[in-house]
Every structure is written in C-alpha cells, then in structure tokens.
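There's a structure below that I have some questions on.
Read from first to last, the chains carry the letters A, B and C; within each, the first residue is number 1.
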Amino acid sequence: MSQIVQRNSVIIAIKAVMTGVGQVMFQRNAISGILFLSGIFCGAYGGGFPQVGWGALVGGAVATLAGLVMGYDRNEGRAGLWGFNGVLVGCAMPTFLADTWQMWLLLIFFAGLSPLVKSGMDYVLAQWKINSLTFPFVSLTWIALFASRDMAAVASVPVCGEIVAGGDIDMSITSLLVYWLNGISQVFLVNSWIAGILFIAALAVGSLKAAFWAMAGSAVALGVSILFGADSQGIADGLYGFSPVLTAIAVGCIGSRTGIRSVIMGLTAVVATVFVQAGMNVLLTPWGIPTLTAPFCITAWLFLLPHCSGK
Amino acid sequence: MSQIVQRNSVIIAIKAVMTGVGQVMFQRNAISGILFLSGIFCGAYGGGFPQVGWGALVGGAVATLAGLVMGYDRNEGRAGLWGFNGVLVGCAMPTFLADTWQMWLLLIFFAGLSPLVKSGMDYVLAQWKINSLTFPFVSLTWIALFASRDMAAVASVPVCGEIVAGGDIDMSITSLLVYWLNGISQVFLVNSWIAGILFIAALAVGSLKAAFWAMAGSAVALGVSILFGADSQGIADGLYGFSPVLTAIAVGCIGSRTGIRSVIMGLTAVVATVFVQAGMNVLLTPWGIPTLTAPFCITAWLFLLPHCSGK
Amino acid sequence: MSQIVQRNSVIIAIKAVMTGVGQVMFQRNAISGILFLSGIFCGAYGGGFPQVGWGALVGGAVATLAGLVMGYDRNEGRAGLWGFNGVLVGCAMPTFLADTWQMWLLLIFFAGLSPLVKSGMDYVLAQWKINSLTFPFVSLTWIALFASRDMAAVASVPVCGEIVAGGDIDMSITSLLVYWLNGISQVFLVNSWIAGILFIAALAVGSLKAAFWAMAGSAVALGVSILFGADSQGIADGLYGFSPVLTAIAVGCIGSRTGIRSVIMGLTAVVATVFVQAGMNVLLTPWGIPTLTAPFCITAWLFLLPHCSGK
C-alpha cells in the first residue's frame, strides 16, 4: 500500500517537473515538457555542453522540491509553476559559468530560491493582474553571473554565441531556415536547429496556436534584425529571436483578443521586442552579461498592461 | 454635409495634435501648442536641424492617430494626452540619430507605441495617484538609442551640446541670460534662446503661474549648477535646466498647495532635480546616451508621492 | 514654566535623534542609539575620519528636524523613523566625498530630504505591506555620489577599503575575528572591530535576538565570501558583511515566524545577500560607486514579500 503511494508520489513529482519544463513556453503539459527536454539534451550533447541538459533537469527538480518544502499551493506545483524558472536557471548557469562544484552549488541554491522569488514578484504584480513571467529566472541568474565576476571560485566561460562585430550575414535559404529555428531553440539557451524543430513539435502538442505564434515570432524577429543591420553572428545564433518568440506566444495567444486586431498587436509586440533586445545587448555590454529573457518580460508587460487595465 | 463633418474632423485632429504639443509643458491649450511648435521650428531651422521640427509634428500626429486607432478615451485625445510623448519622441530621434529612412521608420513606430506605453504606465502608477509624466517618451527613446548602437542601419550622430569637459564658464549678464533661456528651450531638445522666449510666451498664454515657475526653475538650476561646478558647456547649452523647468511647473503648480510652503517645496524640488540630472549624466556616460527628461520624472515622482499619500 | 517646556522639547528632540541612530539597526531605543553613536565616533576618530562621526550626528538631527517641519506624524518621529536615513546619509557623505563646505551643504540638503523620500517610498511599498528600509538613504546618497563626478566643487575621495584585487586572505583566528566584527561595524560605514563590539552591545540592549542574528549574519557572510573566493581586501574590511547583518536582523527577527523554519529562512536570506553584494560590486564598478546597503534592501524585500502575501 505505502509502496503504491510512494510510486504515485514519484510519478506526480516527475510529472510536475516535466510540466515545469513545458511551462517555460506556457504549456501546462508534461508531454510538451518531455519533448522540450529532449530538444535541450539534443542541443546540449550536440554542442558539447552536456551539463546544460543535466542542469535543466536538476534545476527543475530542485525548484519543484523547494516549492513543496515551502508549502506553496500544490495546484501550482502540479501545473509546473514552481519549476519552470528553475529549469531556465539550470540551463543558464552551466552555459555561462565553468563546470565546477561551486557552480552546481550555486545552481541548486538559486534554482531553489526561484519559487520564493516568483511568489514575491507575483504578489507585487498581481496588483495589475500580470505575473512575473520568467523574470525570477532572469533576476536570479543575473545575480549569479554578476557575482561570479567578483568571486574567484566561480569562473565565467567565454559565452558561446557571444555578440561580436560579425561580417556579412549569409542570406541563403538554408542559412535563414537555420537562423529561424535557432531563434526558437535559444528560448532554452540552446543553439541547435534540431532542437528548434523539437520545440515546435512540443508546442504543437500543447497548442497549435502557440506553435504558430512561435514560428511567426522567430521569422518576424529575423526579418527586423536583418533589416536594421543587427550583428550578423547574433542573428545566426538566434540571439535576436528567443525573446520575440516568447513575446509572440504570450501576447498573441491571449484568449479574449481575437481577429486581426489581436494579430496586429502580437506582431507589433514582436517587433518591439527586437529593439528592446538590441538595446539591452548594448546596456549590458560593459559587464559582458547576457540579457537572458529580460527583453521578453519587459515588452510583454508593456503590451499586457493596457490590456489588463481594461482598455 | 459629409464634407462639413470631414472638415470638422480635420480641425479636431489638428487641435488635438497642437494641444498635445502644449501638454509637453502641461498646457491643455492648442494656442500654446502652436507657439511651442513655432519655437521648435525656429530652433530647429536656426540650428541647421530642420528634421527636429518635422519630427515633432510627425511624432505628435502619429501618436494621436495611434490613440484613435487603439480606441482609447477620446476626451484624453482631445486634451492632447495621446500626443505629447510622441511629440518628444519626434524631437529626440532626429536629434540623436542620423537622418535616414530607418530613423523615420523607428520614429513612427515608437511614436505610435507611445499612447500604449503611456496607458500601461498610467495604469501602474494610478495605484498611487501619480501618472507617467514624460516617462513613456523617455523609455521608448532610450530603447531606440540603445538599440541604435547595436544596429548598423541606424547610426548615431554626435550629440549637439554633448557634455564634455569644458573650460571656465562665461559669467557675463548676456551669457547668463542666454543660458537661462536655453534651459527652457531644451525641454523640447532645442538649443535656442529665441525658442526659450517663445516657450515662455506659450506658457503665459496657458498659465501665468506656469510661466513664472518655468523661469524660476531655469534660473535656480543655473545658479545651483554653477555653484557646484557642473560642466560649463552643459550649463551653457541649458542641459542642467530643462528637467528642473519641468519639475518646477509640475511641483510648483499643484493646486491644493498654496503660499510659502508650496513655493519652498517647488524650489527644493528644482534644486534636487539638478543633482539628479548631474548624477544621471554620469550614470549614462558609459553608453553616451542622454538622460532626456528622466531626472524630471524621478524627482517629480519623489516630491508628488508624499503629497498624494495625503501627508 | 516655558523654560521647562523648552527643556523638555530639547530632551525629546535629543531622544528622537538617538532613537533614530538606533533604528538604523531596527532598535527603537535611545540607549542603543547612544551606544551605536559611541561606536561610530570611536571608529571615525580611530580611523582618522572624525567628520564621519559628526556627519552622523548632523544628518540625524537635520532629518529629524525636517520631519518636524514637514509636519509628519510625531509618533514616527519619536520612534526614530524620521532620523535613521539621515544618520546614514551623514555617515556616507564624508566617507566618500572630500571634506568641503559644499559637501556639508549636500549632506544637510540630502539628509533633510530623507524623511520626504522615505514617506514617498513607504507610501508606494505599503501596497505590499513592506517598507522602504534604508533605501531612502541608498538612493539619496547614490544621487549625491553620482552627481559628485559631474560637479567639480564636490570631489570624491579615494574610497577607504575600496574593493581591489587583493592577495590571499589571512585565515588566522584573530584575523577572522576582526573581519567578523568589521562586517558588523560597516553597517555604519565604519571599519573598526571595536565599533563592532560596541554595536553588538547596542543591539543586545534593545534585543538579544537581534544581537544574535547580527553575529550569525556576519559569520555566515564571512564563510560564504571566503568559500566562493570573494576579494580578500573586501572580506577583511567587512564589506561582504554589513548588508547580510542587516538582512539577518530584518528577516530573522520577524515575530510571527518561529522555530527551525524561521532560522533556515533567515540563514538562506543571509547567504543570498552575499551574492547580491558581490553582484552589485560588479554592477557599480564602471562608476566606482559603493553599493551602500542596497543588497540588504533588495534581498530583504525578496524574502519579506512572500511572507507578506500570506504564503
């Protein structure tokens, strides 16, 4: 009997963690989560950074466990809302910091803090009927990355796909397709067109509309970043795409808005995100710190707020 | 019949845009707006930057149109509240970015976003009975200027009147008068004492009290910036004056405060704005981005908040 | 008769100022305040910066007087809540700026603004049942320090105990004891182990629990900063300790939380503060501006918010 209960608990826990992976792209869906995770591992092993895949898993599990220990609302836990920031913390820390035990200690500490930080930020933002999106992940990872420059035991690694003054951009159809898919894969800090395809599949399992918006978001972002002459290496690595992809899903998929008006708002938000992304690249240049998904959070809030005010 | 309606619509639209120009300095008044606009064009053509004048007009018109299309409250539109941030976006973009078609595209895009951003920010700040002042302009222009450093198709121009280590300041009466008037003209990013006089006239049409506070604000800011040894070129160009001028009108003209107490609060706010201005000059130095009217927004909020709390 | 009233007023005023000194570490207690002030003067004269002690006294007195003149709630004044930000402004300005009359003018102006800024910030944060902690001090001092780099009449002094790439840290017991006490003394920007002992005594007079948490906070911060290889000079000067000490008292001493859970939350908050401190050191490096107690404010808010939301 107690064995059955235990086995059930384990299954519930695994499902909660996987749903947490799904919630990174707003899918309350363990199958989507498993597909996302396959994409992450695929990109991580393919790129020679297996620790990024394991980081995602550890981060999601620790964050979900922390939510349980803190005694937060279990419905939120089952919906994957405790875990998704931890998944992203777990992707980001091994991407930007050297693979040492101190890094893993930091990863566990900050992933474990993420439900607490989310709870606090959501409490603040509930005042205006918006929520913290991925900002708990962004703020915690920023703290860790800034701190790493002041702490010799936590070394930074040269950022893969760092924004550097690149040459001309390759405009062949195959290249553009790769860039477009990279824009989607970078949502999980992975630079892999195969992961991009897996992520689209994962979205489609949860919501065809979300999959459509993700594809449109990355395409529009690619076009705008080329048109305005953004850095070619950054474009190729999908670094102008991942925040617009998230904005596209968040702003485009709002239920109560329908028709052409909703589409125009979604596309406008996507275009705005590209400029916020370019601006934040410059803002963070003095420290060499990545923007993470902050451009998405800021733009999505700007576009969701007037909606929430009932205007 | 339909012709009359159409002509009326055109007149209402023009009036709304002009009132929007007036609202930059809190004047709900199309005549003030026309006088402000004359000053802008005067300074723009006089300084060899005609695009700044046309930018103001285009920005105001696009923002007003955007408010109409978004279906916002038409009373706000008639009061010029849709347009004034767009006017300032339209002044700033051609001042700091090269005169290319991409710049004009950005100008239209960001001016068009300004009513949306204002609506969101006002919704947030309504919680404390304050509003977004010119911060939608500041944040949108900052995004564009930061992004321009990451996008080759949008080049920055050397800032006219950029803050550089200057020599000694010229303390003759005529020079001080010019500096004082420049402090007022720079509210619209124009460096012209003639525009300064026109702006005082425009204010006086709307409110003598506002005209008085603008003059006092620029004078006090001039004195404080000289006393504390601020950069002489910046002082001469009125760059320590424009934010204090706006603070002076905003804090000094609050209806419910009267008498000597109100005057002291207004002057204290003006002095504080000069230090916030100097501090933000330093803060933004690593990127060479101007403060715009952020020092005004921050200081005015600080001084208006305790007032709103009923203390 | 009127003499008695006057004498009483003077005593009440002195008591309010001293209680304000006590409130820097959350002690509503004039005796604690006097002990804190002895520690400040002891460290200030010992280190050759007597102006820091006098600054604390002037800042506290000016801020208390400003609260009176502004007509704020006198119960708050008697509780030392008008004065404590002014005390800290008064410690910080002579520490980081040269000892000129303009510096004293700035000190008086900004200390005098502190009750107004506190009132505004508290009004904003009351929405979430938190308060501004020492953030009025932080923001006002930041404005002054940033502005000082733009104003020739207010020169910066080389920061004593500035964070520089240091050698290996001295791990002898006596050295570690000194570092641990320095972490406590730096709450008032003083680098003196004797002051640290006086501050612990001052806390113990008000609350034994607070004294315990301050000692634990500094010890844990010392351990974490050594473990993660933070800068050795900064560790020796207690610069990784003062914000965690404040976090420890603020988060650890919350009445409604008891037992092991409360202790774990307090210690977690202390550890988090060390990383926020290290991160902010890096963030502010381009300008050479100190973090002041911002890491404490940010971390304490993060940990107090979920508590306030009733979770």
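For the reader, a short list of remarks on this structure follows.
Everything that follows uses one rule, which is that a residue touches a chain if its C-beta (ideal position, glycine included) is under 8 Å from a C-beta of that chain, and two chains touch if they have at least 3 such contacts.
Model, not experiment: these values are computed from the prediction.
Viewed as a contact network, the protein chains are fully connected, with every chain touching every other. Under half of the residue numbers at the interface between copies chain A and chain C are found on both sides, making the touching surfaces mostly different. Taking the mean of the C-alpha atoms as each chain's centre, chain A and chain C sit 37 Å apart.
Touching of two or more other chains is recorded for residues 127, 286 of chain B. Those residues of chain C that touch chain B in the complex are listed here as 70-72, 102, 106, 109, 113, 116-117, 119-121, 123-124, 127, 142-147, 149-154, 286-287. Note for the complex: chain B touches chain C at residues 127-128, 163, 225, 227-231, 268, 271-272, 275-276, 278-283, 286, 301-303, 305-306, 308-309, 311.
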